[in-house]
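Going in written order, the chains are labelled A, B, C, D, E and F, and every chain counts its residues from 1.
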């Protein structure tokens, strides 16, 4: 359900009493309703579904998640001692 | 004004309370309203304009007119003595 | 690709200026259609446009002379007495090829289908095309199908293009019409147009008339077999004999004189035209041809035509004359004359 | 002419039975389009229908091998970033000829005009056709114009048919795809489709993407000049790479394996597809070609392509395989596989 | 067609022509009132065969030509409405209003349909209950009964979405107006046969007497026209000015009583502006107050539409026989059948259009 | 696209896969609730790369698949009306109702238009004041705010010719219904990320506790899905059943308060029939009484439409993970993407459609 994609707010304008933005999706631009993310401003990222921003995209969190993916397999926080053995098996599986 | 052509009534029928006929125009057939020629029957000729019979065609009169055209130039009723000379001039004109 | 062309300030040259938009008459095959080609398509094509974009082009490939023609068919209704849009689509292109003297060989068929069109209707049209192609001895070799929105189409539109081959020496074209030529027609005029009109919305009438749609290249072959130097052939489709003869008269800079008493207008066509106020010379034919032949071969060509099933009703209807170049004049039954004008656009029933 | 055929009781064979009428999907260039040809047109044409009514036919006239193709163009809007219906009408037919290895020579142009269409728009289209034909070195030699009712058309529909000539020995056709062949593409995928979609009603979006419409016979000539035995060429237009590869796989009874990481999908196309939920492999191209070439000539052909302005972005995207005949499979970036299906009908934006 | 073909016989035409030539000793200017007769004369080349002295002046009897510019503009305004299906006889579609014609309205999206009969429009109204169907009710006394019957039927059958845009014109007031014109050259009239099929000949004796002109009721086939001319010339040569009926197979003196009764019920006399001529008092019919609800002009409130004709156009004088078309400065220049300034250039029967085709041969022949 | 491409990186995917393989010691049946996640899994071949023991069960999270047959039939009935412009998301056009689909209605003359956003439908309504414009408002909690805002704007701007055919479905009641099913095999859920972007995670702890299943809020890119699976497996292996958020860049625990406020104003909870599943109490939203006048169902009186699904179709069991598509007797026979019996064969995300494409390669590969 619910194809939603992240885009960056290029500009904000009020149209017919509604807060609208031009949002850039990597070169593709669409008009998007900002009413549900009232404090998002130009330059920020939003998650857009059928022409509506349904959430602000938290860039810090995105970076953290990616960093966590990078770390994974190096740190072993979740599996404790068993990790190294299991990771080895997994690698062999592929 | 007023392209109207003679056609022969093939059949008569009442449609929605209106007297209609199928009329034959030498192979071409059209539905025609007969309300203005209430006593015309099958086999008779009518003069038809935009789907309405506007007059009964008087066949006897038509025949008489043609016969009159045939006679013309033979009888000399209208011009009296001057006719023959004038007719001769006309022929030379052509 | 289109650099250097000023699209935004493009305006149509006269006389199209009077019509900023397409009206039905632009498709009538008469003066308005010709003006679109002359003032809009040819200037648009520029150097890439060749010749006069006529019904059929004669081109050369690898030393072989080819005839190449296209037509789109949008006739309504799609099925009419004596045929369908499918028959026309095949015979129309076959005939445009044949009018250059070519032997038709291959056809393409491209469909623009309106959503909602019954597949059964399309099947009937395809079957009619197959049967007509078989009868004409041509093959349907390539095709295309597009679908348009319900509000943007109307049932089936068919385009056919055709390729044929010319025998060496054959040179048949409007520009070859010569004063003195006998003008021949292969049979009764106006039957196709009357058949279609008889089932057109708002005009419907009963008639025994059926479309004359037929492939004419066999008849042409019989005419050429006489050895006559046939100057011009033309199938008088949209716009009828009036449009075809006016085009030929203009292309060759000659006049045409018709004898009204010699025109083979069958009574049912004459009557339908009387009823609706139409001129039989402007009514479309789909299985007839006009020919301009030197006077001394007229009888031989007429004999050859009459010996062919599609030319049984052939007759001479006029003469190509040096007077009034570009004009077609008819001598009336009463002995007067009238100008046979190029139809402007659509034929309309008259009340007056 | 059509005697012996039972029109009244005609019913469509399966699987068309499920759709008694045309829906938009029948024109999408995918499975439904193919089924119309297979189950309706070919049976209708009977003996007069030749081959598979593909994009382009190779025929013979007077000892010369000709390529012959037709396409109707109904693209909306008529003007879009990078081109117009006029450019497509010329380049589309030029390319269908080129994909058989022919040198395109002559085009016909037939218009179906909706009443009310601005003459200025038609003039722009004609000028675009002229410019495109000049750029492609082909000539517009014959034409036709029809006008349809306001409610029965939509601006301008153009049909072009084209005739080209094949050099001796050239044999390029889908059936020649062979296991082991390298599958090449001449450049970025999906730009035309995205450009058109970006200005389509209800979907409009801003993008810097322009249509890639271009004539490809020059590129083909450069590829053939390597001496390589090119097996198949195809311009992945409607239905995109997915439709073209599926057709080739079925025609030749081979499988195709693509590497998703090798597909040249430019970011703007990928992003537009992400936004709308479309598969870039199903998006139309109008200036790209797919080629199947023997593996040992792949590098030479790629080099030749890259040396040509229209092949600068050429790359190898896959391999023709003996496995899963008739199917196209992509190896995903993660190392999994997915089937690349034949598109069914129209591409629709998804919310899910 | 029976009773058409017989009246086209060339041999009999020759006899009639010989009679006309024989009868003519002086020049005479005859007006055929009816455009259908003009059409027939030109199509068969009849005027070329008449004695040099006989001049046929083409009268204002083409409904396409004389329907007022204002009426056309009202038709265009109504036809352009999205809720309307506008039905018309075919020959009205190319008649120019102030800015365009019905073809133009159609090409811009108006639902404009050609019908053969007003009854077809009524059928369309029944088939499209959610649309307004308007019929363009133009024409002379011949056409008026058809339109009257159609409105009568609409009321009788309760077809509320049907209405009529009415602009009927009447022949006798036009004849009077022509004769009242100070520069009038007309010496006799061929009266319009089919108008008389409906209305009879009762209005003509007073006109013939008042203006001292022969009036011969005339049909449309070549022999009919020649006979009408023959009878007219005979009267003129003899100094008579009587009403005669040269079309007795289709015209009775009393006209068609059923049609006339219907006309009296549905229509009432009104002043009418004739295109190119001006307003002629009492020369038109409009819907009577009993049928006001079926009047498209009121239903769609176009009563305020006003229009002015091209100042170049001399169609009024042409229609009154005061000027030949080629004596108009715009003829063949600004004004051609493709770019008509006046309605007489529109219809095939229009005098200007007829001359345009005709003159071309004259010019070639005399050059 | 930024924040899409980074989350598709193959190298990081390999690391996450290694972790999953390392973590997995036993077979687990996980359900991705959302059709968008199903699409991503199949498109990227993720399930082929998972440990053999990990089974991904495709959940009922495709709005195209679960919108009730009766709702589709109501849409078809409204779309067929000549006064209506029916606007829809593109993927609803091929969904079969009892007799046909919206493409069929369109081909029969219905004015059916694809829009990207419900706001586009509102624009169409303003441009066509004489037509009724209806938007087909389907979808989960993600889509509901857009539809709610559109109706709110219609009322605020006084656009009376706009209405909404509403059939929203809700995820948490569906999860409960799946878990209550006697044959349920699901051991953990990947929760639908964008639903949680709107609604937050507040409803999940009770479900996780009650059914003792891990629930991991998951995004849609390959790395997001792998991370969701990884966290789920880690919990399962550890015997935990907690709610976790593996999609923190787009999901906050509290959801989107502005959107939730709008939803409370415009919608109210109702029982909803899920296609192929049946009626789930309290699993849908309909327009609240304040917005009743914008309810297309009432405006066009289709409340009486009733429909029955194909008796052959096992979509309900497929959607609940009780049956694989190829365990349906109609699969690939009576039911194909061209001739779908159930909605799960319609959408590209539908489990049956996905299997249809997928299975073909399996069959080839194993033959």
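Observations, loosely collected:
By definition in this document, a residue touches a chain if its C-beta (ideal position, glycine included) is under 8 Å from a C-beta of that chain, and two chains touch if they have at least 3 such contacts.
Composition by chain, UniProt nomenclature: A, B = Hydrogenase assembly protein HypC; C, D = Hydrogenase expression/formation protein HypE; E, F = Hydrogenase formation protein HypD.
If you're wondering where the values come from, they're calculated on a predicted model, not measured in any experiment.
Least step count on the touch graph, chain B to chain F: 2. Of all residue numbers used where chain C meets chain D, over half belong to both copies. The two sides are thus made of the same residues. Compared on C-beta pairs in contact, B-C and D-F come out with D-F as the pair having more.
Farthest from chain C in terms of Cα centroid separation is A. These two copies of the sequence, chain A and chain B, are related by a rotation of 180 degrees on CA atoms, to the nearest 5. Of all chains, the one whose CA centroid is most distant from that of chain B is A. One finds 37 Å separating the Cα centroids of chain A and chain D.
Centroid to centroid, with C-alpha atoms defining each point, chain A and chain F lie 20 Å apart. As a whole-number value, the distance joining the C-alpha centres of chain E and chain F reads 70 Å.
Centre-to-centre, using mean CA coordinates, chain C is 32 Å away from chain D. Under the contact definition stated at the top, the residues of chain E that touch 2 or more other chains are 1, 4, 17, 35-36, 49, 62-63, 89, 103, 106-108, 116, 120, 139, 143. Those residues of chain B in touch with two or more other chains are numbered 1-3, 5, 25-26, 30, 49-50, 94. Among the residues of chain D, those touching two or more other chains are numbered 21-25, 115-116, 149, 151, 267, 270-271, 274, 277, 335, 350-352. Per the touch definition, chain B reaches chain C in the complex via residues 1-3, 5, 22, 25-30, 49-50, 94. Taken in their complex, chain D has these residues touching chain A: 198, 205-209, 267-268, 270-272, 274-275, 277, 335, 350-352.
The residues of chain D lying in touch with chain F in their complex are 15, 18, 21-25, 31-32, 201-203, 261, 267, 270-271, 274, 276-277, 323-324, 327, 329, 332-339, 341, 344-345, 348-352. Note for the complex: chain D touches chain C at residues 1-2, 5, 7, 10-12, 16, 19-28, 33, 36-37, 40-41, 43-51, 53-57, 59, 61-64, 66, 68-74, 83, 87, 105-106, 108-120, 122-135, 138-149, 151-154, 157, 159, 161, 163, 165, 213-214. In the complex of the two chains, the chain F residues touching chain C come out as 103, 106-109, 111.
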